[in-house]
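Below is one structure, written out as structure tokens, with a few remarks after it.
For clarity, chains are labelled A, B and C in written order, and residue numbers in each chain start from 1.
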Amino acid sequence: MSHLEADVKFTAVVLLLAVLALVFGGWLIAEPPIPLGPDVLAMSPKVFPTLILAGTALVASIFLITKHRNGTLFVAGSAGEGARVGGTMYRQILFVFITVTCALLLTTLGFLTTMFLLMASTAVLVGNRSVVQVLSISLVVPLSFYIIVTHVLRTALPEIDFIERALVPILRLLPSV
Amino acid sequence: MIESLLAGVDVALRVDTFIWISGGLLLGMLMGALPGFTTSMGMSVLVPISFLVGDPLIGIPFLIGVYKGGIYGGSVPAILISMPGTGASIATVFDGHALTKKGKSRKALEMSLFASAISDFLSDIFTLVMIIPVAAIVLGFGPPEIAAVMFLSLVIIAVTATGPVIKGLIMLCLGVWVGFVGADPFSAMARYSFGTSELYDGFHLIPILIGLFALPEIFNAVKEGDMPGARVASFVGERLRLDELKNSLRTIFRSTLIGTGIGVIPGLGQPIAAMMGYIAAKNSSEHPETYGEGELDGVAGAEAANNAVNGPTMVPLLTLGIPGDAVTALLLGAFMMQGLRPGPTLLTSSGDIVFGILIAMVLANILFVAIGYLTIPFFARVVTIKKSLLIPVTIMLAFAGTYLARGNPFDIVTLIGFGLIGIAARQAKFDVAPMVMGFILGRELEYSFGQTLALAGDNWLRFALTERLGMTAVVLATPIIGVLLGRRMSHFRQRALAREAGQAA
Amino acid sequence: MNRTLPLVFSSGRPVAFVALLWVLSIGPFAIETADAQFPEKPITLITPFAAGGSSDLTARVFTTYLSQYLGQPMLIKLVPGQAGQKGTLEATQAAPDGYTLVFMDNYRDQLHQYTFRNDYYDTNEDLVAVARINYGQIGIIVRTDGPYSSWDQLETEARENPGQLRLSHSGLWAALFVPAMQIMQNMDLRIRMVPYRGGGPAKAALMAGDVAFSMAFPATIAADIEANLIRVLATAGPERMLEGVPSFVEIGLPPSTGYIHRIIMAPTGVPADRLVILRQAFAQLQTDESYLAAMRRLGENTEYLDGADYEAVRIEQSREYRELVQAIAGQ
């Protein structure tokens, strides 16, 4: 059974978004509260986006129409071809799920914990089978990074209070930069 | 003038100056190699140090060394792990990372170093010699000219992207649109922000860069997965051969010209220079279709161009007291802390110091090569680490680097979001480069365009024809250039496809 | 299971173990409070201005000399964009611990609440004044080699060619824009306003000849005046600042036109003792000879006002700007 080619799906999404943004432009883009004439305000906030969105819709449509004319909208073969290869699809979905979760929980769990989870799961997903390696890399690398960044570069990383305070004595031992 | 020049030479050639510049270069390289830690962040940490040094002739070249080192340093993660450290290294990813996968990472890094140093050296000499005429040229570039050049650049980028032109245009438009999210540049009205303050701020470049370029690579590794011993490349490869460097000299010189030209025009910057340098190298070659699959020349073209921007960028700062970007703004601060006042009077009142600094800049490039060469073996070895260890570290760097850039947790969400877009784009065979460049240039283009409208007023036709002939010429030439380039690229692409089909048969 | 944690969980030990844990976790607390002497680390000054303008330059000068009175460096973090709202938003969202301050001007503080619809912060509620470092009086500038040698000439030309004369400014409702609007309002002139990213680029546009005139503060143009590249046609305030150059009042503008107050603010909620330390540092700065000399070189004054006193000025301005905006909107 045939399914839509990947680039057709992508472009269709883009076209849809562009059309929606054009139609709902009034709601999505605010207007200046005080009326200012063209002498004073160089360009209204709507002008350029409308131009570009129209252009996007145009180009996307041309692409889809050309594909349709060439008869290459659909390709043979099943959509889930990737999934045939063992647990690949499962791994991909799991990876996406883990990264999204870690992204959302970075500030709640703190840098070290989140990076530990992220690195450990990625290491396993990429094929590492050694518990020692996975654990050590997921602990040592974020910790060293954290110390270098906060102490040497004097930049902040999100971290929960408890761990931050626990690290204070260690940081004081290091030579100050 | 000449006395100032000679006095400058005298002052620049001191041992402590060299030591400090070397330190700056090394620090800059290391900071540039850390994704997300932008050069301007590093410089703001170091500006107080430069002040403590006391002598402007040491403090300021130190910072400039950091700046140069940083621009080169960004190419290291771009080449090794497909993660551009800054916007300047985008074009380096294309061939740089491909070379790494072929086991030629050391060559790529060395080419990047030599190309950067040679072009920086040449453009610094140009700046030194031509500082007065260049100042006049800088003033000649107003918003209309800048808008025209940006428009031309965007068209060139879309047309020369990998794949059919129309796909490049779609990604370009998408990138420009992404740039619209946030406050509009004239009246600060919210656009596409859905009432949230994070979106009102707009998207930041670093998470988009890392998301579009690095995450798909990581995702691929997960997809292929389950091969415990896999490595990105099993060896760093041999060093760069002299004849390989010589082959790329023409490209390096061409990119130096491009980079210097773009550096003179205020507001354009390294990302555009790098892309233009890369595209020019690709276009001038006899086999453009191999670019993107591991051409050393591609790395040379990109890196030479982005380093050549450094020198001329200083001109508006030194002669008019107007900094062109965040980095020159920091330098302005450093100058002022030292009691110098950049502007029309700087050359007359402290000419010897200015020339001393410029000469130190020129000489810094020699140190640049030495230091870079010593650090390369260390960096190159990174790719020989097992993928199952390297990939987790890469993803940590992706997250950490993104957070480092702005300290805003929303950036991490942006990172993942654009990572997904990058993965989808790769599946659909869309090149992400036009999208990133669209994002970078789109906002600038809108602002310059608006300014042009304000300048033109009602009678824009008269404005275009009498006052701004340069702009009009460029705008009219753009479609012609676009079509010509598009045809050429298409021709070579057909040739490559035919060759592939022939090989498969 | 006995084998995993034998020592700890056999009889008598758990208490010791728990006590040890307590001591270990309290320890870091103890270390921190004993040493707390604000400021312990560098202070960030968010500067929501474009690089190279008078505000940026002023900030670079005073942060250099302030360090010795604070005991820690004050680092400038340039956050331009959105007419200053980006940097201001960042400051209001920062932790109110005294380590993040923001550099503002009176327009952003009191005018923008009427001109920008802002759901994210309210300067009156979210920011408290630490100090006013100085005020500036703007001047109308033209190129020395241009056709205008007096304000009257410029005014006449503007009146005869409405909408033709171009002026470069630093952004909607910013320090260069507002006086220009007031000129248009009060003198009934039509000028074409061309936006630029800040005072520096606005000046560059004038030098390039893209616009006929502009406005600037002394810091931005001191060197250019010295090099005789720029001529000042009028200055803000009731009295003349330069020889032969009329004041704004003389040419028919309200006396408060064209003043910028440069203020350092902190997010509301900073502990009172830390606020006092900050304010004191600024007060002490005023006695520093090298600071005063540097500001003089810059061409700017050092009319300092303590934050507590400035709060009264804020209220006054709020009223003034509300009236101004109503006048403009009423057109």
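Here is the rule we go by: contacts are C-beta pairs under 8 Å (C-beta built on N, C-alpha and C of every residue); 3 or more make two chains touch, one makes a residue touch a chain.
Since the model is a prediction, treat every value here as computed from it, not as a measurement.
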Going by C-alpha centres, which chain would you call the most central? B
Would you mind telling me which chain pair, A-B or B-C, is linked by more contacting C-beta pairs? A-B
Centroid from C-alpha atoms only, then distance chain A to chain C, rounded to Å. What do you get? 35
Chain-centre distance (mean CA atoms) for chain A and chain B, in whole Å, is 22
Distance in whole angstrom between the CA centres of chain B and chain C is 31
Give the residues of chain C touching no fewer than two other chains, as numbers and ranges. 116-117, 163, 172, 192-195
Chain A: positions in contact with at least two other chains: 30, 36, 41-42, 154
Junction residues of chain B - those touching two or more other chains: 45, 186-187, 189-190, 450-451, 454
Spell out the residues on chain C that touch chain B in their complex, using ranges where they run on. 51-52, 56-57, 60-61, 64, 73, 75-78, 81-83, 85-86, 89, 93, 116-117, 119-120, 163-164, 166, 172, 192-197, 200-201, 203-205, 207-208, 210-211, 222-224, 226-227, 229, 294, 297
Partner chain B, residues of chain A touching it in the complex: 5-7, 9-11, 14, 18, 21, 28-32, 36, 41-43, 45, 48-49, 52-53, 55-56, 59-60, 62-63, 66, 82, 88, 91-92, 95-96, 99-100, 102-104, 106-107, 111, 114-115, 118-120, 122-123, 125-129, 133, 137-138, 141-142, 145, 149, 153-158
Can you list the chain B residues touching chain A in their complex? 37, 41-42, 45, 166-167, 169-170, 173-174, 176-177, 180, 184, 186-187, 189-192, 194, 215, 218-219, 221-223, 225-228, 230, 386-389, 391-393, 395-396, 399-400, 403-404, 407, 409, 412-413, 415-416, 419-420, 424-425, 427-430, 442, 446, 449-451, 453-454
Under the stated contact criterion, what part of chain A meets chain C in this complex? 30, 33-36, 39-42, 154, 162, 165-166, 168-169, 172
For the complex, which residues does chain C have touching chain A? 25, 27-29, 31-32, 41-42, 115-117, 163, 172, 181, 190-195, 325, 328-329
